[in-house]
Amino acid sequence: VGVPSPDLRGREEILRVHAKIVKLGPEVDFKVIARRTPGFVGADLANLVNEAALLAARRNKPYVELPELEEAIERVIAGPERKNHMITEREKKIVAYHESGHALVAKLTPGTDPVHKVSIIPRGPALGYTLQLPTEDRFLTSRTELKSKLYVLLGGRAAEELVFKEMTTGACNDLEKSTGLAQKMVCEFGMSDKLGPMTFRKKEEEVFLGRDINRGTTFSNETGQMIDAEVKQLIMDGMAYVRKLLSDNRSKLDRLAEKLMEKEILDSDEVDSLIREGGPAVA
Amino acid sequence: VGVPSPDLRGREEILRVHAKIVKLGPEVDFKVIARRTPGFVGADLANLVNEAALLAARRNKPYVELPELEEAIERVIAGPERKNHMITEREKKIVAYHESGHALVAKLTPGTDPVHKVSIIPRGPALGYTLQLPTEDRFLTSRTELKSKLYVLLGGRAAEELVFKEMTTGACNDLEKSTGLAQKMVCEFGMSDKLGPMTFRKKEEEVFLGRDINRGTTFSNETGQMIDAEVKQLIMDGMAYVRKLLSDNRSKLDRLAEKLMEKEILDSDEVDSLIREGGPAVA
Amino acid sequence: VGVPSPDLRGREEILRVHAKIVKLGPEVDFKVIARRTPGFVGADLANLVNEAALLAARRNKPYVELPELEEAIERVIAGPERKNHMITEREKKIVAYHESGHALVAKLTPGTDPVHKVSIIPRGPALGYTLQLPTEDRFLTSRTELKSKLYVLLGGRAAEELVFKEMTTGACNDLEKSTGLAQKMVCEFGMSDKLGPMTFRKKEEEVFLGRDINRGTTFSNETGQMIDAEVKQLIMDGMAYVRKLLSDNRSKLDRLAEKLMEKEILDSDEVDSLIREGGPAVA
Amino acid sequence: VGVPSPDLRGREEILRVHAKIVKLGPEVDFKVIARRTPGFVGADLANLVNEAALLAARRNKPYVELPELEEAIERVIAGPERKNHMITEREKKIVAYHESGHALVAKLTPGTDPVHKVSIIPRGPALGYTLQLPTEDRFLTSRTELKSKLYVLLGGRAAEELVFKEMTTGACNDLEKSTGLAQKMVCEFGMSDKLGPMTFRKKEEEVFLGRDINRGTTFSNETGQMIDAEVKQLIMDGMAYVRKLLSDNRSKLDRLAEKLMEKEILDSDEVDSLIREGGPAVA
Amino acid sequence: VGVPSPDLRGREEILRVHAKIVKLGPEVDFKVIARRTPGFVGADLANLVNEAALLAARRNKPYVELPELEEAIERVIAGPERKNHMITEREKKIVAYHESGHALVAKLTPGTDPVHKVSIIPRGPALGYTLQLPTEDRFLTSRTELKSKLYVLLGGRAAEELVFKEMTTGACNDLEKSTGLAQKMVCEFGMSDKLGPMTFRKKEEEVFLGRDINRGTTFSNETGQMIDAEVKQLIMDGMAYVRKLLSDNRSKLDRLAEKLMEKEILDSDEVDSLIREGGPAVA
Amino acid sequence: VGVPSPDLRGREEILRVHAKIVKLGPEVDFKVIARRTPGFVGADLANLVNEAALLAARRNKPYVELPELEEAIERVIAGPERKNHMITEREKKIVAYHESGHALVAKLTPGTDPVHKVSIIPRGPALGYTLQLPTEDRFLTSRTELKSKLYVLLGGRAAEELVFKEMTTGACNDLEKSTGLAQKMVCEFGMSDKLGPMTFRKKEEEVFLGRDINRGTTFSNETGQMIDAEVKQLIMDGMAYVRKLLSDNRSKLDRLAEKLMEKEILDSDEVDSLIREGGPAVA
């Protein structure tokens, strides 16, 4: 399992080490940053401090302050913002509904990480993104939580289908992630009732120079069929759940997407108030 | 997903950078060139400027002007023209119908990129080509648009079959592209209703020195069968659509092919007026 | 089969050799340490002495004493303790039941190695662990004993399911081990009645520089199916046994888990007295 | 698709370049040679000039003349003649019928390249050969023409079977070529009605140093079965056609083979007149 | 087939060569040693002489005598004795029955090599061993003799099952050998009536630097199934034979195992007399 | 197909070249040697001359004479004689019948190469051998002739079975050859009526440094099944033919084997007269 990623205290210490060579504003509290970066490893945190320093320099600030650190968190997660990237109105609308789909499913499904921000300003290779940050470090994840993760991942494609009766290439990264997650649930976490508490090595492991091993499947084709069926079932059940959830909450989805097209970025409170307007959620 | 290809503004800037060492005519507007080159990456644009400069030198012009830049766009897309390439009259007729098939399907199918030019002067390894240029940068493509792309790709073979009751090797490059596109729709974009919003890694990824991984299929043979069936269905449905479309518009196809045999190159307006002559299109 | 791991006498001698350069407390008896380290090879023992020396230095002791050696045994088996690792109360409870599941199955199943210690202080990559040490060197293991090993491995997941009606990622390392053990029973030890006293090479062997052999399965898919079925049967039978055992002894499990949440570490005697409180075990 | 092979004009120019360092007879016309060498690439043409020069030197000629160039064409296609190669009378008869089979099918099937020469003097690794040269450059080949090519390839084996009620190893090179051609028709040219206008990558592509990719089949076993069946059908249909054609024209076949045993080489006119003697062909 | 192993005369000569640099006792007769080492190749014989010299030195003998050479034969076959290796009484009993099983099957089955010695003193990686030495060089082995070899290999596991109603990991090396032998009978020696006098390459051949060939199975899955079934049949028939033989001769088995636990080593005569006590054998 | 092996005239010339540095007896006629060495390539002939020279030197002859050259032919084909190799009487009898089986099938089956010599003196890795030399160079081989070759290869095993009601490992080299030959008939020579005049690449081709291609089967499992079935049919039909032939000619077989045990070597005339004694052959 290798080295586990650092916990809250560990991240704070690592930030402190990397920040030694950077001038910091008086109000900067590394505890806050550490709390917002669960899952970050040492290299990510070093990167974060570096990006913040560059941003402060670009903004002619005498020292790094909280806004630079927060922007830096997003840069590390999703890449730099591409503000002048021109997409058509039609594409903008699709992206807005896609991201609103992710955000709404996250908000309405218990056991998901809080939505911190939804944006349709392109960042890195993505046309939009929904930033979820866990409130605390997690070391165990339950089957229910993993299913919720699947739902959120599928929310973008489902929203597109619901609103435009059409699907686009925009979801292909989500689909790769959700397929991979469902496969892990079945093959690594032993979470399929049909296959039982067993592991099935499906992915090839890394090989080193001069050690070149041909690892085909290590199970029979029939076991492979059962794995495929269970993975598909997880995805299909998730898609059915998400389609119903978004359809039942269509007005919330519309409000979110419309406001997102208008303001381009929504923070957690804005998302909450837009959802609340439509009455209590039915999850 | 790697680095996304530059957008309109990005292409204009890149063109400007590469053009610094080239003398340009007064009327050259890089905005126009940038608009005609969506999908071009930095290296393509550098190549474009270079080819245009060579053409201007060959034509003894004091500076690069629009015609050189336009010819250079086609060279980058399809290779240099091979004017003195001698093909038989019979082959010329087949090529003319083949390209007219592509062009007519593109003109009559909504959601395809505009036809800029149809040519039966060999260029690069191709005996003819139909130049389609999108009007704007596209970042999302819908299933409908991808199906339309399939139709255009299949139009050449379908026209040959309709007119000559025969098929030739001339379509093999089109078929490779359309098979690959249909596979991507099913395996990467999650656009098959039967297989659902999932990804299936079918293609081998690149491996690096000393890391040599044997990646066979990562799914069972039965899943593979379903993928094969869905890919085939996309192609077969596309072929049925295209056959009917060309058969219903046979006179337009004949007019296009005849004029193409006569003039060898048709621009967008010529194609439009040839199609209009035959009455409104039935798509 | 390579070099067998050293026996009791061998380990004692190896410890003596490595300890020559370390100052030892008067009461240190290598016989005791050797008895607690069956299965350790030379490198493990060298590591043990080294870790003990470092601990003594950190504790400002003039020489290595028994507590350092005992802590060092656990470090070699499971990695260093991570005391300040903060996990949520919910996670702590799951871990406590998970480890109590392992420990209780081990206590109630004849033919398992004695439970030396149960801990929910994270150590190495694990959130908790149950330390079992055999009382003597073992060179032959019977099918019954291997099945008991399977039961203990499955006890953690089974306890989670029983108590929380939920499963987590916390068992994935156990599941990898139990799947691997069941496969060895079928494919290497000839312990499946259906497949008979035969061996089936399923795992790829290591290859050396420049000798790169593609070893796929060396049997037909049908034989592979039978192997998969027998391995699954072993796991499923084990899971059924463990579920019943824990369900029948639910109050013992609760007492163990509660005390573990309170004290974080339980030694063998504490575990025994907690189990005894609930009346004689029904195995 | 790489660089296309040079057309007529291209070949003439290449010949001229290579011939600069060779003394040529006054009557040598490169147009003629270029017309006889469609499909030759630059290296073939360089080889041709070189072989012709060597032959002229061996014949003590002051310069290269047409006979040397013509002999050189055959050398490039089939290797050097092996005049003193002794084969038995029985083998000679089999070879004569085998080559007559190729030649007669080529003569009686429309759409095949003209037969230039039939020989049973061993050349290169072959015991005999039938030289077909296209009359003009071809850039498109129709399904009908490819089927005709199959017929000609199968003519040798079919003639052996018809006459000797026996088959020999002499056809194994023909069979490799015809199997490969039928596979290309199905898998690359999309010419199977059952599999449709699709491509199927069956052949492994070349890999470079340090990039070692395991490319298995990229389709399911069922698709593979369908491909196998379609390829076999093409071969079996071709064999049925050829068997009937040769059987219906048995007397022409006998005349060709007998004359070939007598003269060892027949040119196009001799073949024609031998066929004509037997009345009009029934194709 | 490579170089055949040396015959009796060859071994004697090789021994003489290697023994030149060693001082030998007067009574040493290499003929005797050569007769006891059929199947030894040159390197084995060099090793034998070397081990004997080391033993003589350790025993402070002025020269190598017969006891050292005999001990050296066993060292070369099975590794050095590990006298102080402590195993439990229970394990000792299992090993004693396991080895008695091998020995008794060998004694009661015609066509097996004579049992030279049975030991439960661990040697090399093994906890016990039964030393069989052929009386003469063998160059042909019949199916009957190979089946007898299978029986002897299966005798250990069968004895464990009969006596303890249990199986252990102690037989896994025997099972690997018997599975491999049965596979050779079917795939290399053409000794399966169902598969016939054919060979089936199942094992991967060694590959050399830079030549890395992926050799999968070279036959269809159905043929693989038939091979698996025939191999299993050989093992299962052998196991049935051995179970009956040991069950019918249970008292002999008990006498052998008891005496072995008492004396730890039995020579051929002791084994014979222990078997004879129980009346004539029923094979 | 590479370079064909030299024909009669070619071999004579090659012998002459290599023999230039060797002193030859006056009666040596290279025409004779060339006639006895069809299929030998240049390296074989060089080897032949060299071996003959060494033999002459060992025999203290002033020059190489015919006996040395003849012995050298056998050495090149089968390796050096191993006269002092001791095999048991039983093995000798089996080998005698085995070789007589080969020889008798060869004598009684039309279309096989003449038997030149039968020997049970071990040579190279073989315990005996039957030397067949074709009377002339062959460039075409018919299906009938290949079947006859199969019969001869199977004759050894069949004779063992007939006489001893037993099979031994002695035939495993024959079986590898006959399986390979039957596979070539089906997969390379297109000689299976069921599979038709097609080729199937089954064997992996050599790969070069840095080009490492994974070539699995290039056909579906069902085609593989049909290939396996046809190959097996060829072997089984051959075995049935050979069993009947040897059974019908049992007395001839006995006479051959008995004389062979007595004299150890039989030449062609001796074999003929032994066969003739028993009346005319029934093939």
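Here the chain labels run A, B, C, D, E and F in written order, and each chain numbers its own residues starting at 1.
Here is the rule we go by: a residue touches a chain if its C-beta (ideal position, glycine included) is under 8 Å from a C-beta of that chain, and two chains touch if they have at least 3 such contacts.
All values derive from a computational prediction rather than experimental measurement.
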item: Touching subunit C and also subunit D, the following chains; value: none
item: CA centroid of subunit E to CA centroid of subunit F, Å; value: 35
item: Separation of subunit B from subunit F, taking each centre as the mean of its C-alpha atoms, in whole Å; value: 61
item: Multi-chain contact sites of subunit E, meaning residues that touch two or more partners; value: 210, 212-216, 221-222
item: Contact graph of the chains (line, ring, star, complete, other); value: ring
item: Successive chains around the closed ring, taking subunit A as origin and subunit C next; value: A, C, E, F, D, B
item: Interfacial residue positions of subunit C with respect to subunit E in the complex; value: 1-4, 7-9, 136-144, 146, 188-191, 195-200, 210-216, 218-223
item: Residues of subunit B defined as touching subunit D within the complex; value: 84-88, 91, 94-95, 125, 127, 154, 157, 164, 166-173, 175-176, 178-179, 202-204, 206-210, 212-217, 221-222, 224-225, 227-228, 231-232, 235-236, 239
